[in-house]
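Paired with subunit B in one complex and with subunit C in the other, subunit A is shared by the two complexes that follow.
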Partner chain A sequence: MNPELITDNLSYFLFGAWPNGGAMGGLLLTLWMSFVACILASILGLAGGIALTMGSPGLRAALESAIAVLRGIPVIMLIFWCYFLLPVLFGLNVPGVATVIAALALINAAYLSQAVRAGLAAIGPGQWHAGLALGLTRWKTLRLVILPQGLRIMLPSFINQWVTLIKDTSLAFIVGVPELTMVSGQVNNREQVYPLQIYLFTAILYFLLCAGLSTFARQSERWWNPRHKGARHA
Partner chain B sequence: MTPPLWLGQTWLAPKYLGALFSGLLLTAWLAFLVCLLATLLGVVLTAMTESRYLGLRSAARFFISVHRNTPLMVQVLLWYFGVPNLLPEEAMLWLNTPHTLALPLGLEPAWPSYEFLSAWISLSLYSASFIAGELASGLRAVSHGQREAARALGLRPWQELRHVILPQALAYVRQPLIGQYTGAIKNTSLTMAIGVAELSYRSRQVESETLLTFQAFAVATALYLLLILASQWFGHSQKPIWGASR
Partner chain C sequence: MKKALLTALALSLISGLAMADRLDDIKKNGVLRAAVFDSNPPFGFLDGKTQKINGLDVEYAEAIAKKIGVKLELVPTNPANRIPLLASGKADLVAANFTITDERAKQVDFSQPYFATGARFIAKKGALKTAEQLSGLRVGVDKGTTQEILLRDKYPKTTVVAYDDTPLAFAALRNGNVQAISQDDAKLIALLAQAPDKTKYEVSPFALSREYEGVGLPKGETRLVALVNETLVQLEKSGEARKIYDRWFGPKTKAPLARDFKIGDKTE
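Take a look at the complex of A and B:
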């Protein structure tokens, strides 16, 4: 074991070549990609789940098949596709970071829209009937009655999906994005002596991030949502 | 009508289709071995989490948490680059030299590369930590009254497990287990990073040799979809091994 190996390269692990005037990298880039992709995936997933609940049969069928395809291929293949198609679609050079964010947002939105649909369905028809009986439109019932209850039920699914997304940012190195896993590989190639130590350190950083998020989420859920009160069937 | 420029000029030559197909076979074979080992380990882990000994319970919980909360990619790299450092030199030498195992019927399986072995181990440990979770929630889904009823009938603990708990728990976990197995198929794509020539690796290889990006990725994507849909269909079409279906 050689602790200097980690301390000497610590800034590279955490920020990549950024402090030396290069592009942002390392743990910071992992955090940044995760943050943006999580927000995009959550918005798209919410929209997708609502469309699966409220949309016309044609729209629902189209969405269902798109989701089935997204769930049927590995994330790496999706990253390849985005890497190849985004520049074709937009006619300009799309940086690797944006490619990976797009792929991760898409695949996680696919999973989340199914969780959102299930969460909305779990509210039960009684709440819909009550909203409509009060003279609310379908959309107002959704916004004022169903969503406030449904979001609480969905929260655990969202957090699980965010953890999955953070872990999947490690696939970005396949297209040469210098996030934490890629940077660890570079340190490993340079040092050539202590691969176990390097990758263990990387794993610990990811563990703190993911386990921290799950624990924090479980705590806040308990505080925010004691025993899913009132969120079951009417 | 000429195809659009980005589609390239030609379709893939048979040689490249063959390369993609060999990638598919390796993906399927690796995924099969992973599902096998992961299920065995998952059962052991579940038994540990249900154990009466605190040490076993905490060890299993630690294992599961560590494997679920770190990226599979890092675990694969750790096994591929890190573990050889821990093993004695002779062991690595032995692993890297081909050995033959003569089986009856003239079968001589090829000696697996260290890439393949480390991929198999790391993917199996990762999947096992998720399968253990599914199995444990399957056990928990069987209501407590069922256990009490079994005990009231005078069944021994193993009889209770064999005739009352497991048939119901297995019916609960069928769906989630199929999900984990298809997840394992998709996870094999990560092993391209350590040079296992599975389907994703082959698609990248074909793409860079032919520059027919669209064709290479389209064929690989179609093969993945076929493999995953076929295994889902197979999983649902099987009669329950044990006990009632739901």
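Take a look at the complex of A and C:
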């Protein structure tokens, strides 16, 4: 192992060309794209799942087909097509980072919609009937009775999807977005004979990122779940 | 699939006609977006000292941006993305070891050549002496390069394995996945010169072709092509082209290589 290999290039691995007046890159760009895409995917997925539960049959059918299409395309293809073919087909020129964020948000929202629908369905008709019997509207029942319980059930699915999303940002190299995997490739191609060290370091960074998120999420799940709380106090 | 691509191409041609001249757009935006390699020393690579992309092709892109009087924005590319970047309007030009071929000229326009090379090979010392030995070998190439096309066409008995980039192909050679890799000789000589294990390998004594590299430009941008050509001629006249060459291939560099082609020379 050759520690200078990592220390000399550390700032490039972490921030890309940013400290030298270039665009943001490296781990920081991976974090930024993951953060924005996770939030967008969660909002869209929640909206999609609710629409699948509450929407009219027409809306549900349309959503189901959109989800089927998105789930049926490899992420790398969606990124590639959005980046190179949207400008050709519609004259829409979306920058690389935005393309990747949009593609990851859409595909993960498709998966999350199903998780949200399943989470809502798991609550059971009794709770719905109870809400309606109290004089609440369907939407109020959803907001006050069903969602607070459903979200707890869905949380593990959300964490799964977030971790997957973080790892999928590495596909951005296909359109030249300088995230962690791409800058590692650049350093590796210059140094030539240390792929093991370089990609091991990169893998550790990804692992820390994903493991950190999982631990944090598991912790919040515990605080949130009244049963765990009860168990702790007992 | 094919039909969709054709429709896409037709649409791009129509929209291309409707758009303003690209040179005007570049001036208006104040930025020239040049696609360059980020992983291929010494043409375009990440400079370890400055942590910026630098190289011979990058210097040509800089000269063109200076000529227009705008800022230069580098768009990193691999070999396979060069034509898509131009076709989708993501880059205004490609300065990335781009060999001029008739097939490519159907999709993009080229400036006059500013660099000449030939397709050669890197293999273990003594393993590859003549082109006949290529039959039955596994040879690594870069996806979407002229070497890939040439080997698949003319050497059907050679197993061609396509990689994303030359250093990756070289890694495959080191690991024994392939027995040789093929690229432009200038690039191979520079690659080998920087390799820590260079004593084990050598560049083949024979070349399969003579190739000329030019600046790739979007189809039909005549004013931009004229400006790039004019810049290249001026660089040669002022001696700047030789200086650029010497910075990367001159006698004091790690990969000295005699300059056997000047801008404006007759091509074979």
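Please note the rule applied: the second predicted complex is superposed on the first by the 216 of 234 C-alpha atoms of A that agree within 3 Å, B and C clash if a C-alpha of one lies under 4 Å from a C-alpha of the other, contacts with A are read in each partner's own complex, and residues count from 1 in each chain.
To be clear about the criterion, contacts are C-beta pairs under 8 Å (C-beta built on N, C-alpha and C of every residue); 3 or more make two chains touch, one makes a residue touch a chain.
Remember, predicted model here, so these are calculated numbers, not experimental data.
By the touch criterion stated above, A:Gly22 is placed in contact with subunit C alone, subunit B being left untouched. Shared-chain residue A:Phe207: touches subunit B; no touch with subunit C. By the touch criterion stated above, A:Phe84 is placed in contact with subunit B and with subunit C alike. Of the two partner chains placed around the shared chain by superposition, subunit B is the only one that A:Ser170 touches, whereas subunit C remains out of contact. In the superposed pair of complexes, A:Pro195 makes contact with subunit B and with subunit C alike. Of the two partner chains placed by the overlay, subunit B and subunit C both lie in contact with A:Gly185. Of the two partner chains, subunit B is the only one that A:Pro74 touches; subunit C does not reach it.
On subunit A, the patch touched by subunit B and the patch touched by subunit C overlap at residues 84, 88, 185, 188, 195. For subunit B in complex with subunit A, the residues that touch the partner chain are 6, 65-66, 68-75, 77-78, 81-83, 85-86, 186-190, 192-193, 200, 203-204, 207, 213-214, 217, 220-221, 224-225, 228-229.
Looking at the complex, you find that subunit A touches subunit C at residues 8-9, 11-12, 17, 19-20, 22, 83-89, 91, 93, 175-176, 178, 182-183, 185-190, 192-193, 195. Across the complex, subunit B is touched by residues 69, 72-77, 80-81, 84, 88, 163, 167-171, 173-174, 181, 184-185, 188, 194-200, 202-203, 206-207, 210-211, 214 of subunit A. On the subunit C side of its complex with subunit A, the touching residues are 8-9, 11-12, 15, 38-41, 45-46, 48, 50-52, 75-78, 81, 84-85, 87-90, 165-168, 170-171, 174, 191, 194-197.
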